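This is the structure I have questions about; it appears just below.
Lettered A, B, C and D in written order, each chain numbered from 1.
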């Protein structure tokens, strides 16, 4: 029951918002709903170890409507519900354009994301998976930056292409299930698919997630979309939606096509590492801050993807920890970038400089977020990436070495960007710029607090991840044994 | 049977009502007639009654298809109330002809004899030739009817020739007997029979506008009056597929290898040609025409992956497709009026700004056509894919998946227009009834997507 | 009836088939190559009738009346079609003052 | 919590105080008045110093070697359990004393030095943060805690080098320092990971206890030690990663004293000495360390000869002294290295603070060619500076003599060639240090404008204390030769397993010492004749100098080479990836697919000619094709 509440609370609130007129009330209601959802989630995490909610409601699009969660979903849900209050809060600005609709769409996105993470049934999963695209499509289309119509359509088609292959894969698995067919994950995980089938089925399933994450070379939609997207749009995209790809991969690939995973493991890891280097190197010379951070995010995500395919306890633990860490960090970063844009009116690094003189608070917060993203010890980023690199080293020292270069390259471009924006002699153009306001504190302080608290005391989240990794290994079947072989 | 008679009677009544030129009573009468027919046909459920020496068998299959067509026709008539109120003369004929066409459609769903099939097709087609030319003064309408007529009768001749050849070989018009006759060859048919069957299939394929026999449809759809187009795109296609399925199911299954291959080729071609041609289409009616061809391809997919549930899936698909298409045409009519007769996609600009709710429902409808969850269109496609994949047609399914992506592209292109600002916004007026109907259809599409009263296969 | 059918059966079936196929093809060629709508209508009639001929021949050979019954149906339908068709042609003539089939080509692409 | 040493439970206070200071000064930096921040920071650091002293004596008295204080469980994943724990043993207690002791002196000094800076509060906050991280580094009970401090100090040095952030060059220097450290850190972290895989733990006690079982020269151990070495090389500014240290002089002088002389740069030495057990198992690594250390020592010394910026000279001397420590490490004389580290902390901090007081007096002037004749003007500074110079040059009985002599003798035992090279380096050091001394304090003042004056007491007192230390610091470890008990090494030898076996017989040792002393005397004389008698002033930047001289003056063009080999190609690669691969290949491919399909779409549309005859033909053609198809198939 509690799950259905978590799932539906946002969307229902969103629907109630639509007829309202006054932006202020709309925002307040939306925010309260999101916060309430977060509290429920926390309560859930504390109280119930693992619940599964299943309405035997076969009339729902002809399948079993089954919600439930294990550790992996729990982490994703936690991330989603943790970030959305801030995403909504970040809309508390002066602009009054279609506030009800915007908040409705945001809450709609939240619900569908939660659906993705809660679904215990591939068909349901797919429904929500597609559903997330719809509100995001409109958020991008209606609130995006210049050239949004073309970019949005490209993003939409690109991601949908992957999704449809996923649909094909799901149906194919469905037809493989014995007797009266079903799309429950539990049934899929019991399938023993011949290796040669797994080898092609792997890509059918993986392509969707690879595009979503994105993994090199399926990333080309990402930089332009991020750069174009509105503040809340990019927060949703970078903060949560990229994690959908990771979640999906964990849900589908390892339990269902383990041999396929092992068969392609090295190639995929190679792709991911290419992505790491490629994105980091590109980020170094970007003049547009948003695109720079988009590429840095891609680098981190690629590292996480590599960790996923390293298939051992450390990398998976690190991955799941990093899911939260990266989500929080990237959202803080993008919020700051938009703050800078709103205050200074530009995103171009060459026009920046000396902002620290007029906005010291902004400078310090940005520096902290940057530290989180370059994985300085005592920030959550370090714990995640340390575990990830450990896992990669388990795979091979070279892999770890290449993956570890993010430590160096990240430091290079992030610190460069920071210095370019904030430091240097005071800039006459920015003399009027105000430092951050109360609202910004409300958003940034908690996010950055999370970064550092998790860096100093990561254990709670790690325990969550621990449980999920074990549960995953349990449900992994053959690959689970593989993992245990690799780790012990 | 009684339903059929009642329908015909009502058609004639309306024809006579044309003399008292009072348009307001036409639609109500027609709709009551349709509703009455609906009730009567439902009463025949599970009776499986046979007529005319079993030339016509009204079983659940035909009833369900009839009902779906009746519902769609009722919808169209309801929309017609507003559509025809600026037309002074010959409104009665419009309704009457549609009803007559519907009777033909009824025959097509319930035939068990090639003669009946032929009659059904013709009774369906001839009124459409006239309806397509409904706007007598308009060149386009004129051209539409002209092309439809010539190509249609040309196709009919082939169809007849095919029937003749089959008759020559099998000495019967009854599908079951033909089936038995074919069965004795174990797939290696004599050329004459083979060609005959091919011609019959082509005749039907032409009616449902399967590539490469689709050339008439974009032109006719564009030229014909929009409401007629809606009728053709939905009811006629449904009827055509009912006939097609019945033909295959009663007569020809299991299809001889070559014929089956032919049909697969047609399927693939329809998916490809329809999508590619729709990709850069700027005229909305043509766009829907081409997308209709694509949907034909999907319906073929459902029909050809021979499974017990094919009929159910086919019914579901056609109905959902019609339910989404008709209101889109209606929205289009309003936009066209607002933009003083233009038919480009750009006329949808500013819809969101002026009538956000309309835009939302248009989104739902287009999503359904594009096959995105949680709409019924998605479920329809999903079930089609389940059929084809479970029958092991993997290659064509993958192909269809890719084609679905292309489809999404142009549907969302339209949507993008609807949600972008218009440079010259003209006041858009949508009358209450139509708005209500559009909303009903949109909701229905959603609900059919979510609450479907059977498992997907 | 009997002697008619027997009379028909004097000529081997192949000839009937050949004749009607020939007629059908001639009609088809006409449809393909003529540009005058009236002529095309006539060609269509020709094709219909070739089918009728074929059907009669078959029904005679199978000594099964249903084929001939069908012929009557075809005649009626054909008549109806021609009626409609001519009406359309008249309308066309009124609009574009010609009966050339390729004159009406506004609807394309 | 194992509390084997009395008061061990107080250990967490040692880092806690600076952290507290950081938080207070950092958060309240806009409220604190002129000196409050400085005083607060200094007192807090001094408090941790007192606690360290307390711990030291309790430790000595209780005779315990080490004690661990576990605070909480930091990271645990799978079989990886990493507690957040402090370990205090003889090595770390010494480091703690140095860090907090020298640190508190420098803090006090800074109160005077940074008095006029408007961001003085930020400065102290960052200094405190640094002290905290440094203490984490030396107190960590496992390699990962050490790594936290390791990166923390790197980050603080980044902040403090770029303290005057208006100047882009300073920012660049800061970034350079951080990135170069990061390069080392990557090696370090990989080393730690391998350690974990080998020993299933990263805590010192367990690793070392298990390491005893391994046999010497095992490839894994060699690999691990090498990776750790990479970290040390980055942190302790050894070849090839030393170029950041001279640039790091962009920071305020106290920063240079604390971070880039006394504490942070010695972290590498500390870490290797800490891992002595591992390194003893990896002779190859040790030899590599010898080579690196010696090369650095000599090269840096040579470069130091031609530097004219007072802080640059000291920076290079730091690099070369660190080279000596590495040499000692390589020789396996870990305690000698740590001892030199200690004395070096005293006199190098003193030198920097003296330089700071000079710069303070000269109104920010750092070019020694513009100084001179300051002996009269600032006597305290002069005397302290002199003691430091004597100490670093290794003149007995100053502290530097004992520490350096120990390294030299160890080198001789290992291989006379090493000894000769090391001695040469020492002579060069001696030369440029006296060059500096003479140029700054002797002769006549070359810059007329400024009126140098002695620094305030808050600055001079730390100088005096430090000079006392650098004079007598050597007596901590008087070798048996001079009837000493070399207590320092004795104190350490439980924690650090030195590899030195053969003791040199006294006659050779005395011979060596005398020889070196004579040479040193000559060098000092040479320097005196050149810079005092002849009063030679180094060439202005414009003037022509010998090719060799130019090469040295330009630090062997290493910066230029690095930027040509690494930075420029990197930028080029970045542009190439983005402008060519991303925007010309990968992205267009996707677009091209779309464009291609729509082209096809146009083609298909064009089929729809709208002409009836064509439709007829198409239909017939289709039918015929299908007929042929079915008749063939």
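Details
In this text, a contact is a pair of C-beta atoms (placed from the backbone, for glycine too) under 8 Å apart; a residue touches a chain by one contact, two chains touch by 3 or more.
All figures in this text were calculated on a predicted structure; none of them were measured in a lab.
Set against the C-alpha centre of chain A, every other chain centre is closer than that of C.
Here the chain at the heart of the shown protein, by mean C-alpha position, is A. With centres defined as mean CA coordinates, chain D is found 38 Å away from chain A. For this pair, chain B with chain C, the centres built from the Cα atoms lie 27 Å apart. Between the CA-based centres of chain B and chain D the separation comes to 79 Å, rounded to the whole angstrom.
For this pair, chain C with chain D, the centres built from the Cα atoms lie 100 Å apart. For chain A, the set of residues touching two or more other chains reads 157. Residue positions of chain D touching 2 or more other chains: 594, 605, 608, 610, 612, 616.
Among the residues of chain C, those in touch with two or more other chains are 28, 31, 101, 104-109. Checking each pair of chains for touch leaves A-B, A-D, B-C, B-D, C-D. Of all residues in chain A, only 154, 157-158, 217, 219-221, 223-224, 278, 281-286, 312-314, 317-318, 354, 356, 371, 376-378, 382-383, 386-387, 389-390, 393-394, 397, 400-401, 404-405, 407-408, 411-412, 415-416, 419, 422-426, 457-459, 462, 465-466, 469, 487-488 touch chain D in the complex they form.
Those residues of chain D lying in contact with chain C across their complex are 605-606, 608-613, 616-617, 620. Those residues of chain D that touch chain A in the shared complex are 72-80, 144, 147-148, 151-152, 155, 158, 162, 165-166, 168, 171, 174-175, 178-179, 182-183, 185-186, 189-190, 193-194, 196-197, 570-571, 573-575, 577-578, 581-582, 586-587, 589-591, 594. Of all residues in chain C, only 28, 31-32, 35, 101-102, 104-109 touch chain D in the complex they form. Residues of chain B touching chain C in their complex: 115, 118-119, 122, 126, 129-130, 133, 136-137, 139-140, 142-147, 149-150, 153-154, 156-157, 160-161, 163-165, 167-168, 171-173, 218-219, 222-223, 286.
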